[in-house]
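Next, two complexes with subunit A in common: one pairs it with subunit B, the other with subunit C.
And now, the complex of A and B:
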């Protein structure tokens, strides 16, 4: 009886495992397959999942390598600009947000001060904030201040909206650090700087790093502000630029081109996930906040 | 920072009211407030000020294309919005999307969590694949599904044409319900992993002894699930539902990419965006923003009340 149950459990787990893999990867495989279909194949329409004659032409067009399809001469320039903007904006926003969040989370985890609950409640409220509700006033304000369509114009709101996530993740993480070890090191003769650098930094670094990954994901993904607060490729990020690639006929978008661009911007995400999956899961569940 | 770290090591238990403030606790109080200040300022600059601005602008007739025509109109913008059938239709759409996606995600996410909890092999592979939908750009997910449902180039029609209501001619984006379905599929695909990770965290906190005790007492698997596991995961379920519901309520990216609001698939967020950014109706748009904000607050309060869990406490434990 028990053995029978165990076999059934094992089969169930296997079925579940395959179900999860198919669920998570099918759309990714689909977009990769689509990116290898030539413009001829998608324009004629093809109900086939895999490409009939795989081609890298879409990647050549989107990255501007080799011969570009006539009519797509400017596509790669816009896309590469958007990639540059996305990387720059996400990296700067992540860097600044993580610094501010580290200071705040340290105070929340270790110090007793008035207003601690208020700060945590504020962070929670902002994590739930409907971003669209701010777009109007922010659009107006940014035009007055000259921040419309600039990098700082996106970096500042990205910081505000990722801080809650970073603060929650980091303060949960900092609470677990055995801070007594720092004093122990000092008792053993280390200076306070040595104790901080050799003991505390290695303990805190994984948490800070996790918070940075989650913050980067948010900034890399953000769309509402990216289309509302930008107007040219001077600051338009990848998600916004992708929505501009649709072309003149919305019923017949450049499928392959969009798919190739999608694959290119998904590659960094896949690399980060492959390298740091354990940390990301720990960060997500300890902070339990999505940006 | 290193010296302050050392001096502030002996932190008294938080939340305890002290009548006498020593020099040291006063210094700690000051340091704590100084450390959180930059973060608080950045969070408030982009949210509090524009929110007040939205409250103020919502009382004016104000169009960016004719700024001189700004005129105080009291609450009439709210009247215009609340009597407009489009506003109500979009609200209903948003609520349908929220309820359906969160409900489906809760079930599938729970199944995922059970599998991940029990699995002994390939944990890294499963974690990696589950994080890919989470990390992927929503716009990319929306395109992937839009193309999958496409009448010319998609696979949904050819793979599922054994179902009586699907054929190679099914146009998913031509009418309301099929388009809503496609949008929800994209949303559910992208966000179920997040839900399942939160549920997994809750699941791993349920004591194995308790489950085993129930098993010894003769409880079936189904009974153990409903009488032992789920009640003990209430806080985790609430956090997952709360965050996903509020996130689903502001759905925008998928709709923008997949339909641009065609076939009556607009959400509240999309309507607000269209009024403000495309039609420059700042007055009317601000009234919509304020209503959206109020709905989110009400929704959050409702969910917290429904689950009867102290949020700060639940999250402090997590």
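And now, the complex of A and C:
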């Protein structure tokens, strides 16, 4: 009886597992297959899943390697510019957001000050605020301040919108670290700053990495602000740039090209997740206190 | 090396409650001082004020001749072992021990030499490259001590360092700490709620209750001349027996019968009415075993309820009824000691040869010279020999202050 139940459980687990896998990964596989199809195949409205004659021409076009399809001569230059913008803006926004969030979260977790709840609720309110509602005012403001179509013009809003989440994540991590750690460091001769830098931050590393990844993803994937606050490839990021891939025929968007670009921008995200996955290990603090 | 002088230290929290109230303790250079008391007596707060993790409301903290009230912990040059060790989990054992040296910007050669010396003292050499998470409780405890001894601190502070270890390890580490302190000869303040640790480790012991210093004396003085009911009940295991008593001439009337006591003791307690007599379990004996005791003026007959034979000795339990005013006082005392009285009973420790059986009436001999008499209202020990009782501060004797 028990054995039968166990097998049934196992089968059920696997069915569920496969279902979720297909549900999540089918669109990704579809994009990858699409990126390998030539314009003839996508324009014909073909319904088959796998490409009939797989080609890497789309990748050649967007990355500018080898011979480029006629009519797509400028695509690769724009795409590579956008890729550079995306990297730069996302990296700087992440860096600044994590630094500010770490300091703010530490203060919130450790210090008792007036208006602590206010700071936290305000942060939450900002996180809930619809980004679209800010596009108009920001557009005007940035044009007046000369921030329109610049890197800082995107870095500042990205940082502001990711700070709340980063602060909440990090303050939760800081709260987990026993007070004694810091007190021990102070007794051992550390200043508050040294105790923070040498003991607290390393212990909060999983939290710092989590916050960094969340911030980076937001900045990397963001579209509304990227399309509204930029006008040229001087600061346009990849998601916005993709909407400018129109091709020679307005009625036939270059689906293959778009798919190839999507695959290319997804790769860094996957690499980052795989790299930092090991850093985001829970239980790093095990052994600090009696276990 | 330094002496620590606490002068009228007071710690009040935001709600005005004094966690530590006017405590003065002088710790001599090289002395092993124990702060002991039940939970909430302010002993840890006092220790944290020495090290600088807690502000001092009023009073003066003098370490090595310097007032340190306003100095940050790092400027006091003290080493502390925390109750939960507070090891840095992201650093190896080596780096944990080296941490204070690295902060002091010591050279790599110096760090290496000192860490290895400390590791050798604590037998941690083979674990130096491991992380604290992979160590056993006793090993972690030793790493925490290594971090304390590696730098030449003026004093060691221990905050209940053994409370997280199992009984066997606790005994071993206790000896280890005593040996280490003796070897290094460094001033040490050690907080514990365990009276065994207090008795075995300390040169002197400060007994605290609800923020008040009760008695500051050597373990022997505390045991033989407790200043009040609280100290008497706290020090010793099994604890001292408390019985209602009245003094008539040179004899004390106990619930089971009268016992002769020395004239000078009787004189101190004369005319005070109902008192509480405190007698340690080992000051009783089976009259059948004790030579020349049977039939003497210091024996009484009582029904034995339960007998626990341990081989070398026997514990016998004798229930008795206490008058309400004494019983109330004893209940209060038991609460102060973090315990709970189920019923009033006498615990006597008899020789292992004793043949007393459960349910029998036995003849028990009492050592009348060892009886203490306490005032039931204030808890003060009326028969204390103040010459040999260390320091008993004024005002400490009000037992049921709350």
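Worth a mention:
Basically, the second predicted complex is superposed on the first by the 239 of 291 C-alpha atoms of A that agree within 3 Å, B and C clash if a C-alpha of one lies under 4 Å from a C-alpha of the other, contacts with A are read in each partner's own complex, and residues count from 1 in each chain.
Please note the rule applied: a contact is a pair of C-beta atoms (placed from the backbone, for glycine too) under 8 Å apart; a residue touches a chain by one contact, two chains touch by 3 or more.
Predicted, not measured: the structure shown is a model, and the values here were computed from it.
In the superposition on chain A, A:134 makes contact with subunit B only, while subunit C stays out of contact range. Of the two partner chains placed by the overlay, only subunit B lies in contact with A:27; subunit C stays clear of it.
Using the contact criterion defined above for the overlaid structures, shared-chain residue A:189 touches subunit C, although it does not reach subunit B. Once the two complexes are laid over each other on the shared chain, residue contacts for A:180 go to subunit B and to subunit C alike. Shared-chain residue A:160: touches subunit B; no touch with subunit C.
With both complexes placed on chain A, subunit A has more residues touched by B than by the other of subunit B and subunit C.
Counting contacts as defined above, subunit A residues 180, 183, 186, 284-286, 288-290 meet subunit B in one complex and subunit C in the other. Touching subunit A in their complex are the following residues of subunit C: 51-53, 72-74, 78-80, 82, 84-90, 99-100, 103-104, 131-135, 137, 140, 147, 151, 164.
Listed in rising order, the residues of subunit A touching subunit C in the complex are 178, 180-181, 183-191, 194, 198-199, 202-203, 205, 284-291.
Interface of subunit A with subunit B (complex): residues 9, 13, 16-17, 19-21, 23-25, 27-28, 30-31, 34, 37, 42, 45-49, 97, 100-101, 103-104, 106-108, 110-117, 119-124, 126-141, 156-157, 159-161, 163-164, 167-168, 172, 179-180, 182-183, 186, 192-193, 195-197, 200, 217, 220-221, 223-224, 227-228, 238-239, 242-243, 250, 252, 255, 258-259, 262, 265-266, 269-270, 272-274, 277-278, 280-281, 284-286, 288-290.
Within the complex formed with subunit A, the residues of subunit B that make contact are 1-3, 5-6, 8-9, 11-12, 14, 25, 28-33, 35-36, 38-40, 42-47, 49-51, 53-54, 57, 64, 108, 111-112, 114-116, 118-119, 122, 124-141, 143-145, 147-148, 150-155, 157-158, 168, 189, 192-194, 197-198, 200-201, 239, 243-244, 246-247, 249-250, 252-253, 256-257, 260, 269, 272-273, 276-277, 282, 285-286, 289-290, 292-293, 296, 300, 311-312, 315, 318.
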